[in-house]
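Sending over a structure as structure tokens; questions will come in a sec.
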Amino acid sequence: MSEASYTPLTRPKMAARVARDVEEGWYVNLGIGIPTLIADQVGDREVIFHSENGLLGMGPAPAPDKIDPWLINAGKQHVTLNKGGSFFHHADSFAMIRGGHLDLCVLGAFEVASNGDIANWATAVDDSAPAVGGAMDLAVGAARVWVVMEHLTKEGKPRLVKSCSYPLTALGVVQRIYTNLAVIDVTSRGFVLRETVPGLSLSDLQAITGAPLLVEENSHG
Amino acid sequence: MIDKFVRSIAEAIGAVADGATILVGGFGSVGQPNALIEGLIEQGAKNLTVVANNAGTGHTGLAKLMELGRVRRILCSFPRSAGSVVFEELYRAGKIELEIVPQGTLAERLRAAGAGIPAFFTPTAVGTRLAEGKEEREFDGRRYVMETALPGDLALIEAWRADRLGNLTYRESGRNFNPVMAMAGKVAVVQSQHIAEAGEIDPETIITPGIFVDRVVHLPYGDLAA
Amino acid sequence: MSEASYTPLTRPKMAARVARDVEEGWYVNLGIGIPTLIADQVGDREVIFHSENGLLGMGPAPAPDKIDPWLINAGKQHVTLNKGGSFFHHADSFAMIRGGHLDLCVLGAFEVASNGDIANWATAVDDSAPAVGGAMDLAVGAARVWVVMEHLTKEGKPRLVKSCSYPLTALGVVQRIYTNLAVIDVTSRGFVLRETVPGLSLSDLQAITGAPLLVEENSHG
Amino acid sequence: MIDKFVRSIAEAIGAVADGATILVGGFGSVGQPNALIEGLIEQGAKNLTVVANNAGTGHTGLAKLMELGRVRRILCSFPRSAGSVVFEELYRAGKIELEIVPQGTLAERLRAAGAGIPAFFTPTAVGTRLAEGKEEREFDGRRYVMETALPGDLALIEAWRADRLGNLTYRESGRNFNPVMAMAGKVAVVQSQHIAEAGEIDPETIITPGIFVDRVVHLPYGDLAA
């Protein structure tokens, strides 16, 4: 049971792992942080990226000499628009989100509970002026909500928990979690382990996970 | 590559279950998806609920669908108009249910369905018989009724121009209910007069982004204005 | 007290009388019937006409050889679009109406009560399938709701009444009534007569009006 | 002839009462009506409520308005961001009230105000601390909270192009909150980069029809992209 026996995924590799499960034709919103990296990893599949500030068909960052100051994403980064993209206002943009038109939203999180609750906006109960942005709308609106995050906090505490300790973003919405160590589905029975990095045993993973990990019979563990 | 174009009206309509709710774009004869309505007639689903501003005229299109006994219930703002003979006969005979919805409430209920809003309050119809049985509530001393979202299983849309991603523009008063019905339909299918390459429609001018659209059939039955 | 001593206004003259009170810069929706005639009577004043099927800046009917089949108004008549006009969808169109952005809506009516109630959509309580269209939205939404109608029904009954007998369109919304005989304001005290056609006395008008007509001191009777 | 163009920022801002609610367009630095915010600073109204997605950065624009002690309360989705130093200091000192509103709820509350809808239900924020004290209700077994319309006395809008009738277009992600704020403001004033003759903007592509706009000032401070 040595930590050296397995290698946690890097952030780009985590993004690549999520990207593998993104299907052609999906409309996808990517949160700030690791989720943003997914866009570059979908390869030849045509995936339409949505940015809540009014873009569909968001493309990669422009070359430094091609920056268009009017074209930013929700993370305030300069982006491009792919052919067939469109612009719309905030109410229409969140109609897409809240109305269930996005096939997928990938969010970062501080914690996810085994009932699918997510906490990803306020870092503490007494945080006086946290910035929620579109996180709560995205979490309740998309057809699929996936979370990508480190398996543990910097202090070594589990982020997959029985019940969130941080202020909640939404109740029971997360369907899948990608960490640097594993892929876990959130089911009506709780966390179900789908895969781990090579060399990491279920018991080792369970030891650093704050809620039971189930394994289904036909799981690719 | 995403390609929402299909080759036939039948393919556009796809499978429609009996009892489905169908949203039909158009106002008067403008912006009506006539070919798709014909396709729905061909397809055969029955016991339908139809949502449309008007209840059909003459014996074609919506009127034909009704005449064939396929529509159990219709929601519209303006059922009776010149030529709505089929509807009126069925209605008098008790063979079709009618829910009259004020036009603005109809549009807003459709948008609400598309925007994930289950219910909202409106001053429209307060104190009238169209508000009977509806929850009423005061805000700042004014009376409002609660109206609920009106989603559809299938939306039939007529567009002026479409690309393979399902981005749409409309023409003049042909826009009408089409954009909100495209939002409100679980599946939205489009007949488009013209087609464009992806990127050919200025992204600032797309009225219905492709996210709301599932299938498009190109029906160049003529630029009526040309 | 002879009917021959005054001349009721014709329908075009009624429209012209209403048009006199329409101010430049107003956004105006005109109902079907007499109200439609008002558009041609505003003269040089720039008034923006709204049609609930998604037009602002509606212009007059086109020449027969200039008809554009895609361009109709809410009454399904062919129209034109003035320079600076715009197109929008039904939800946006009724946002303009319900949101109070129209300066004026002129409607026809079967009856108007002295408390401002209007009945203009269903001709009888037992009318089984009346067509409401946008009437209820317009009646509650516009900043000013004016009614233009004949003073009497074809059967000679008053249309200005104490309480509407036809199914209501909206409660307490009408601010002014233009008939073929008079202009009447609807106030918190009831109907206030503003003017009559020449030769018509207050008592003659009162005799064919279903609710008291008040006259203010500085009224131009 | 209607002419909504005015010659100065001061004329555009007009009279603003103390205690007014000001809607400020923009998302990040794009589509922000910076010159109009400066005009509001000059104008002098105080005790203001500001509705904006962000709470200002640095010491200019919104941040300056706040630093001058003119803002009693701010409603926004993302108060804390890189450079929101003025807001954070005022907030810590208890000198400004904050209402955090989820971004989609903010947009919808503004649209509702513009559309005559006093309240609506949304699934956003259910079960979170942003729903505390709000009415909750189930529709079809799902939980929703009621949110109310958010109207403004004055909306400050940045547009790309405007004509004398107040018809507007925006540029790319500069559209953001501007159209719904133009709807929601009792008075909507616009700073526009470019001007057009009436009829020059294709009527199919006007995003904010002039009915929502009161005054426009032409501020060709440069096509940032050129």
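First chain written, first letter: the chains are A, B, C and D, and each begins at residue 1.
Quick note on the criterion: a contact is a pair of C-beta atoms (placed from the backbone, for glycine too) under 8 Å apart; a residue touches a chain by one contact, two chains touch by 3 or more.
The shown structure was predicted, so the numbers you read here are calculated from the model rather than taken from an experiment.
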Other chains in touch with both chain A and chain D: B
Result of counting contacting C-beta pairs for B-C and A-B, higher pair: B-C
Chain A and chain C, separation of their C-alpha mean positions in angstrom: 56
Separation of mean Cα positions, chain B and chain A [Å, integer]: 35
Chain centre separation (chain B, chain C; CA means) in Å: 30
For chain B paired with chain D, centre-to-centre distance based on mean C-alpha positions, whole Å: 33
Touching two or more other chains - residues of chain A: 81, 87-88, 91, 94, 97-98, 141
Residue numbers of chain D (touch at least two other chains): 108, 111, 115-117, 122-123, 170-172, 204, 207
Inter-chain touch pairs (all): A-B, A-D, B-C, B-D, C-D
Partner chain D, residues of chain C touching it in the complex: 24-25, 27, 46, 48, 50, 56-57, 81-88, 91, 94-102, 141
In the complex with chain D, residue positions of chain A that touch it: 51-55, 68-74, 76, 81, 87-91, 93-94, 97-98, 122, 128-137, 140-141, 167-171
Chain D contact footprint on chain B (complex, rising order): 108, 112, 115-123, 139-140, 142, 144, 148, 169-172, 202, 204-205, 207
In the complex, chain B residues that touch chain C: 27-31, 77-81, 87-88, 91-92, 98, 100-108, 110-111, 122-130, 143, 170-180, 207, 224-225
Touch list for chain B against partner chain A, complex: 1-2, 111, 113-117, 163-165, 167, 183, 197-199, 203-204, 206, 209-212
